[in-house]
């Protein structure tokens, strides 16, 4: 195998206008959005990527069939736009691997004819968020208006960086002359967060000018809310109990 | 030396139908099984592998003679099946090395004509197991029936992965069109476990259609049981003593 | 991208007599000095360096525009001396990367015609320093007199080493037959230290025979002093309060 | 620079019968022996090795002159034997680097015509040793008699390995058909140990059939004994004091 092994699964010429990245990360926000879009749009897998920079293991699917950790590209062709989705099991296990994988993804994107890259993620705030904002970061000032026009807030006030594929894909895309927009949903950081993912989906679909039924994501979010409510109730119960002991 | 240095120890053309991996791992289960098979069948060493991805040290054999850490391939030719065994001192010290070594093992396997890979290991459960099950994982659904028919249980219910050579050899074998079956004996995880190894051997030999005398492995297991029993007795003794102090 | 990607931003032939390095390090002393010099002299960026050995992330500039972590070379041409400045966001994330980046910087320096390298940094002492000394280290004995003549003290009494780019650039410059001088301002180590940077600037400009207005650096240092004074007052306040509790 | 940069410092043809390694390690035993031999014999430096696998820093020599961490080969030509000594500042910072450096050292050794490699080190026992033994390990059984004949004991009873250059040089030398002997002086492990170094020197010179005045090493050992004695006295003093407090 090569250090990064790229397998095209179709002999058809595949083309896409944009790439949307949703690899695992904070609150799994990006992954939830891209998984939802792939399901709702019925996108098809066209590229399979395995690499020595991914964890050295296999994953066991239900039933007991194993597979290598992989990152994958799915394709959906609408009437006005063709979208490539980048999704996968893991990010790189090494610093250098992060760069090399991001560069390989952009090689594929360029071959597909992609002109713009969206990267999705969570913005960890360390506490529950009632109304999570969607924070944007861009490769060029000219893109700011698009993001704010679609309901995103710019991250300029909060210093810092975007670590991993969501960041590097933007930075390396700019080097190649592609546009890049990162959308990050505010999220506690310690929970899988479909509510935050829903907000990111809303801003993203407005940016893309397509419609995607958010129902399944909303249902998932409602379930999480219930679980959290039950958990909080239990915690309150424990507290009262311990107060009773003292009293 | 090359990053991975492969030395064939014979000039005869070596060929094998299957490869069985038993590198060090949880409870040393895989290693115990393959060592036992090599001894019982009288398999011969045909390949020696040293690598910069193995620990940077030498091992001192009894008597004071040193040798580099190595992984080795042994060969046994039966009437109906020829088996290559992969065994060794260590697994890779780095994530990337795990991939590169597994890929090198499969290069050798392909050259030997191997069509199917078995990987053996322990499945750590964190406590003593009275009747350890043998859990199977496969590269293809069509192999499930073989495993269950030979007394293995499928791992599908327990999520997770198989880390290291036992996992990667399956995943990378599938990429090359080879079949792969992993057998994992349930084991505490903190003990060398010949009992678990005995169960894996039983399922494996049924799968292979060969017979191997398990006596030595059973004796080893019986010894371990005695040691554990003595240890438990001592622990109980201590407990009673400390109760006496209190009383 | 290459492992280290060097982009020249001008088609003019760029030349420099000396290279001054001020990458991030202890007390940010070197970075403060070089940033100050670039601003005061109006040096222009001529080279952009990105690399897989820098952290795998992007930085978000105010306003929300992202950029890859980069190291950069600025150029200033005076009447009698042309200076290349090396500045940047980060140092290497790996040991090997430190060597490979330093070697690449010196490739550029050689192409520019550089004959001497100055590296700047902080010398952490672990406590506040009223009158920070500037300690020098050199690639050749013949350079000692220059350093002490300009007000620097030699480090020979205090054993140890200089870690990272400030050290390696000297060591590798010597291998190429270039001269090298390292100037380190004493600094607590746990604070950004413009006062120490001011002292390094003073010694450095004397060595270079150029004048640079230190006002902005002095103002920055005065601000830091005020912040520290306020902080100490607060700490004393807390102490007295806690004494009152006890009393 | 290359990943491992080897510079020959003489244009004369250099040749050696044996290589003796004394890189930094447990108790600095090996380094003390080789430094002593180089000084007593007046060996001359013939090769300088720098590498990205050594720590990314420079060392500051007394007086303030810096130099890259290096490993070096010295040469001494006696009437009956020519010896190459390998000594240096550090061992590799990475596992892979250990292999690559050891392999490079043996490339040089082969070019010098070396037929046998001695590696020297400490054998950490975790406590002070009144009469430290010298433990031997060899690449071939036929060498055992030589070691025991010279006063060394074989390590065969104590299981384990030899980590780093002292081990790998033997293992990789054997792959090239060279003989190899490792001599390890018993040592606490937490102290620089010239006494243990003296014992290793004694066995080694008997093996080599040369004489080397051990006086300086003995003086160094006597000094260490005094320091230890004073330290123990102080510790006893503290103990008695604390007993007085209790009493």
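Note that the chains take the letters A, B, C and D in the order they are written out, and that residue 1 is the start of every chain.
By definition in this document, a residue touches a chain if its C-beta (ideal position, glycine included) is under 8 Å from a C-beta of that chain, and two chains touch if they have at least 3 such contacts.
Protein names from UniProt, one per chain: A, B, C, D = Proteasome assembly chaperone family protein.
On a predicted model such as this, the values are computed, not experimentally measured, just so you know.
When chain A touches chain B, do the two copies use mostly the same residue numbers, with over half shared, or different ones?
different
Distance-wise, how many Å sit between the C-alpha centres of chain A and chain B, to the nearest whole number?
Centre separation, chain A to chain B: 38 Å.
Measure off the straight-line distance from the CA centroid of chain A to the CA centroid of chain D, and report it in whole Å.
53
Among all residues of chain B, which ones touch two or more of the remaining chains?
Not one residue in chain B touches at least two other chains.
Which of line, ring, star, complete or other matches the graph of chains that touch?
Looks like a ring, each chain touching just two neighbours.
Which part of chain B faces chain D closely enough to touch in the complex?
1, 3, 5, 50-53, 55-68, 93-94, 97
Which positions of chain B touch chain A when the two form their complex?
92, 95-96, 98-100, 102-103, 136-141, 144, 147, 154-164, 167-168, 170-172, 174-175, 180, 182
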